Amino acid sequence: MTIQRLDPIGRSEAAQAVLEAKRRKGITWARIAEELDRSKVWTAAALLGRHTISKEQAITVGKLLGLDEAIRDALQLPPVRGTESLDPGEPVTTRLEEIVQLYGGAVNELVREEFGDGVMSAVDFRMDVDRTEDSEGERVVITLDGKYLPYREF
Amino acid sequence: MTIQRLDPIGRSEAAQAVLEAKRRKGITWARIAEELDRSKVWTAAALLGRHTISKEQAITVGKLLGLDEAIRDALQLPPVRGTESLDPGEPVTTRLEEIVQLYGGAVNELVREEFGDGVMSAVDFRMDVDRTEDSEGERVVITLDGKYLPYREF
Amino acid sequence: MTIQRLDPIGRSEAAQAVLEAKRRKGITWARIAEELDRSKVWTAAALLGRHTISKEQAITVGKLLGLDEAIRDALQLPPVRGTESLDPGEPVTTRLEEIVQLYGGAVNELVREEFGDGVMSAVDFRMDVDRTEDSEGERVVITLDGKYLPYREF
Amino acid sequence: MTIQRLDPIGRSEAAQAVLEAKRRKGITWARIAEELDRSKVWTAAALLGRHTISKEQAITVGKLLGLDEAIRDALQLPPVRGTESLDPGEPVTTRLEEIVQLYGGAVNELVREEFGDGVMSAVDFRMDVDRTEDSEGERVVITLDGKYLPYREF
Amino acid sequence: MTIQRLDPIGRSEAAQAVLEAKRRKGITWARIAEELDRSKVWTAAALLGRHTISKEQAITVGKLLGLDEAIRDALQLPPVRGTESLDPGEPVTTRLEEIVQLYGGAVNELVREEFGDGVMSAVDFRMDVDRTEDSEGERVVITLDGKYLPYREF
Amino acid sequence: MTIQRLDPIGRSEAAQAVLEAKRRKGITWARIAEELDRSKVWTAAALLGRHTISKEQAITVGKLLGLDEAIRDALQLPPVRGTESLDPGEPVTTRLEEIVQLYGGAVNELVREEFGDGVMSAVDFRMDVDRTEDSEGERVVITLDGKYLPYREF
Amino acid sequence: MTIQRLDPIGRSEAAQAVLEAKRRKGITWARIAEELDRSKVWTAAALLGRHTISKEQAITVGKLLGLDEAIRDALQLPPVRGTESLDPGEPVTTRLEEIVQLYGGAVNELVREEFGDGVMSAVDFRMDVDRTEDSEGERVVITLDGKYLPYREF
Amino acid sequence: MTIQRLDPIGRSEAAQAVLEAKRRKGITWARIAEELDRSKVWTAAALLGRHTISKEQAITVGKLLGLDEAIRDALQLPPVRGTESLDPGEPVTTRLEEIVQLYGGAVNELVREEFGDGVMSAVDFRMDVDRTEDSEGERVVITLDGKYLPYREF
Amino acid sequence: MTIQRLDPIGRSEAAQAVLEAKRRKGITWARIAEELDRSKVWTAAALLGRHTISKEQAITVGKLLGLDEAIRDALQLPPVRGTESLDPGEPVTTRLEEIVQLYGGAVNELVREEFGDGVMSAVDFRMDVDRTEDSEGERVVITLDGKYLPYREF
Amino acid sequence: MTIQRLDPIGRSEAAQAVLEAKRRKGITWARIAEELDRSKVWTAAALLGRHTISKEQAITVGKLLGLDEAIRDALQLPPVRGTESLDPGEPVTTRLEEIVQLYGGAVNELVREEFGDGVMSAVDFRMDVDRTEDSEGERVVITLDGKYLPYREF
């Protein structure tokens, strides 16, 4: 019991460092996304640790946000996608989950009616978050776009 | 212990009856939605028991599907929106939940950046399920559209 | 295995019968509360099975809603107050629970500051649900009013 | 495994520092609320980490409580609103949850009767904790006041 | 799929029948306990299904409450003592559980100090529920009395 | 990520320090309780972190056990009463919970019969742990004594 | 409460009927699979309710097993694929789950090494169960074969 | 409270060190497996902490990856095989679990039909992960191969 | 919704019938075991539904207990071995589980020391329950006897 | 936030130190048990933290394994017996739990038949782990031996 263990920097710590630098420098997700030539959703998800980031992407982000080398290295670690990646009680998230709860059955019915017996892929997938406005105020518009995968008989 | 209790017909049984009649008559959600002048998602969600159905709507659906009066009455009962309304392990649903898990943090960040400190409403809300096609096959496109609700200081 | 068991009518079935009769006759909770000379919240909670109902109260409600004797008897059974009494995922309830989650710590701090080391009773307790309106629309106002119970040294 | 990771100060640590300074200096939530021109509930909830705190507000609180810069900075981080924000077994909280359990169904019924099919918002929301007294002793009075949000057909 | 299965009467149904007969006849637990020459707690627990009831005891209770033979037989079935035997969210129970939560550690310390390394048996055990009164009102006094069982080295 | 966070001493650490000093000095709970003029149960529960300890009480205990100032200060922090305060699988505790499970229904019935519709308070409450002996050995006797709180109509 | 509800025959009841007829007639899964020109795994999974069965397939199976029309119809209902479809504690299943627990991390590493950042599809998927024998006895060989789905940047 | 505790290096930390060295040196699992003369699945599982590693194996791996002695020692500690060894929400894993959920019943049926009443061992077991390709792209092929263990009457 | 579904008799109902006949006829497990030439544990477990029962065994038991044909058939259905097969809170069971909790780690250490890296099979397994007596009273002696299964490198 | 907290050495750390020293010195549980004149199961369980260890026993073990004073002190702390003391998913343990699941009902029946209404104590208890061999290989034999505790009427 004489060897000191120091926890290494992982994707989670790298995400904290990105958030801190972003705030300190006043740089938006939109700006980082533009620099990476990716959508805002992919950019934020990837830097929060959910997607693979290439060496070039890590260097680009590192330069923009002034991240040191240890953080740039950590950004290139494999993504962390398990249940620990989200607090299930956070209010923005609980409303998304309520939507799945209310409309999941309808989605299931409509996918079966219009496509057949299958699912919308969560891997071959893209997503956007946009802002619109109507007479009663601002609205959040989220688009989920995934490949249809049919079950096959074998 | 001599009084026989007969479970009444609720929204869940009415939904079963709708699904059965729909299959027997070969009528689509698209057709029912058109008859009701509502979107397919609202129509399917409402008939599965998740939304309030008016007397007129119940009569319209009842006529189209040939539902008897007990079912038409049951369709007008209050909606059932709790956790019992969805099997959380069903594959179409687990992928929606994986999407919330992977991208919930990014949505949270982007809502804060583009709107401020608040949430997308799941009540003042609408949703579409569409089908597109690209060179690699069919894609499911789901649009979530909810009012932005800001937290207020008090 | 030759004796037929018939489930007796309990508070839950009595509540279903009240809701059904109420809807059929178009009688409001406000009207029933007035007849019982109790608040609307107590009246609805009690008839849903959460509070003790006296013989006189059961007769009054039974007359108003046209309930038969078996239901009037069942209304006088002991209340059912356990976790089974509420669907935790129902949207009206999830928002109440989110409020407890967000403000529970603050309530704890303010009770300690203004009263001392103790709790607000949920038994010596009353509650109101009211409706107000401001320039931006209707608001739900819920008042919780419970005796302060201090911890005592012994 | 040679890089030492030091956990940054977050909202949770800032809340601990506020509680410690508050106790050391003998300053009440009422006093801090007055200084911020906000209600006591908002003030306590925000400083415990549940709401956004502006730079000006952080400076005001920092001056009053003598907080150092690292804490004043941490108070301006995004709020933490997930399930980790509350111990569900704490006695003040369990009684609030018992109230939701006992009266949630009644609230649901009365909202439907007096407003329609919708919910009380937990975002466009305010709350007070007050103290009254009757012949049998002190009472805690908590007022919840949230915008009514109706479900819309689409 | 042509054989009709009829659920047999078990301890749970027998308990329902006892409660119903008790209410109809206006007989108290105290009275039944006296007839059985047992304590009120044992009597209520046993008739609710938690303890073995002998043939003689079943006949005595059956005579007093006017239970038919099927119920008297079912009372002699083995007890049901699993987790299904109690609703953990019922308010009387949640307060008992809160007491275990608050004072369990202290009981553990005091048993170790005054007895040694062991437990209070829940099998070689008796229990009373009594009523006292002081200047501020009625009090419930519950006495738990169990054999001390020491861990042994082997 | 350059600011070192040091976890402050809380009630849990103060409890550890009390247990350590108690063992080192060979001082019993009975002795500490006598010094504080409180019961052994309250004394052990309070020093384990479950109850508020006044400045005078902290000084008395500190002197007796030779605790340094940081620990005496920490003893005066608010109590920690949530679910984290007890390991639910510890054998002394599991037997208490089995007792609640087996006899909770009987307690509920007897409280209703002898008091009315209400609960035994866990706040206006006291408790003793005693030792008796009969011909078959030692017995643990635990007395729970709480105010009866009736539900009120409103 | 006067309308009798009779639960309709669903996929679960159809599966029971298939198992019963299969046993009564002594027909193997291998034989049914041959008749359907599908693998044994798909055949068993589909008839247990996990996959869509066409009208022709239902007729084929119905003829082979002597199923009546109500069962043949129920076999054509949508599949049931949620968590309710398996008892997680059944010994054959717990060993499969232990395998996922022990080797899931290794699979993840090898998929990343040999394919890239993606998953093995559970929808575009086939599976076999075979029997081999070595000197120490019989062995079960299960082959999982699913399309590789890569995450895409967007 | 004056003795500093330093967490020792366990299998989990050794696994982190292996992953880090592997990435830094660009060495594949295939290469390590070849060096150890074991399959890729066993090699990855063992180095991730799921299997026993002998002194010779630890030296071989340590030389290849340039691991220091503390890590080589830690690799020889007993394996860690409990539920903590896998994040159940990771997408590669959730699809494996969905496969168990969908096909577990069919496996159970086929094992009973072809072997008898027993299970596939997860201990006397081997597993491969391979890559194939068909006209529609790459496929992951996982082979599970375990001894058949029959239940015995006794 | 016009087809009546009658739940078939399964292993669980057959077990109820066995228990009922056993009690009515006053026949012991020991006696049934003798008739079957099996141990008491296997006999009780099998008749409770946990093991396969052959046609001959079902006939033997049926004759001894006077079971009708439907029950004798149901006894020959596949065993039910999932988590639903036991109430985890039943006191005899909770003590067995406490033993696993207290001594599981020690068993693991001793198996590793005396056998190597492997497990005791729960399939190639036998078990006895015996009764002994010492000066302080009766003792229950349970013997678990399972094949040692070593993990193999591959 | 300026006082550094150092976690004290508890039973869990002492167990780690014992395991480490045991491995380094190549000393078996059998050898330690012999030195202590206790069984191997008690010895391993006690040193893993599940039982009380006397000063003399700690000195004996400390001398044998060369443990320093801090560890010898920590071995004399009270045992830790809660649910945290075991990983429920570890394969040796899951098989023990599967045995409880499969045979718990049979044990319950046989205890009732041969002893009466009571339980096998897990406190007045001893246990052995032995090794036998038959023609098909090694077998693990575990003996559980606990006092029979009858429920008493009161």
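In order of appearance the chains are A, B, C, D, E, F, G, H, I and J, and numbering begins at 1 in each one.
Everything below uses one rule, namely that contacts are C-beta pairs under 8 Å (C-beta built on N, C-alpha and C of every residue); 3 or more make two chains touch, one makes a residue touch a chain.
A quick note: this is a predicted structure, and the numbers were derived from the prediction, not measured.
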Higher-contact pair (C-beta pairs counted), B-H versus G-I: G-I
Listed pair (B-D, G-I or G-H) duplicating the F-J contact set, over half by residue number: G-I
Inter-chain centre distance, chain C versus chain F - centres from mean C-alpha coordinates, in Å: 33
Chain F and chain H: spacing of chain centres that average the CA atoms, whole Å: 46
Rounded Å distance between chain E and chain F, as computed from the means of their C-alpha atoms: 25
Inter-centroid spacing, chain C versus chain B (mean Cα positions, whole Å): 28
Shared interface positions of chain D, touching two or more other chains: 1, 5, 8, 13, 16, 20, 41, 81, 83, 85, 89-91, 93, 98, 101-102, 119, 121-123, 125, 127
Touching residues (chain side chain D, partner chain C) in the complex: 28-30, 40-41, 44-45, 48, 50, 81, 83, 85-86, 90-93, 95-111, 113-115, 119-122, 125, 127, 129, 131-132, 136-148
Footprint of chain J on chain F - complex, ascending: 5-9, 13, 16, 20, 70, 87-91, 93
Touching residues (chain side chain I, partner chain G) in the complex: 1-5, 8, 81-85, 122-123
Sites on chain C touched by chain A in the complex: 89, 91, 94, 98, 101-102
Complex contacts: residues of chain B adjacent to chain D: 38-39, 41-42, 51-52, 78-79, 112, 117-119, 121, 123-127, 149-154
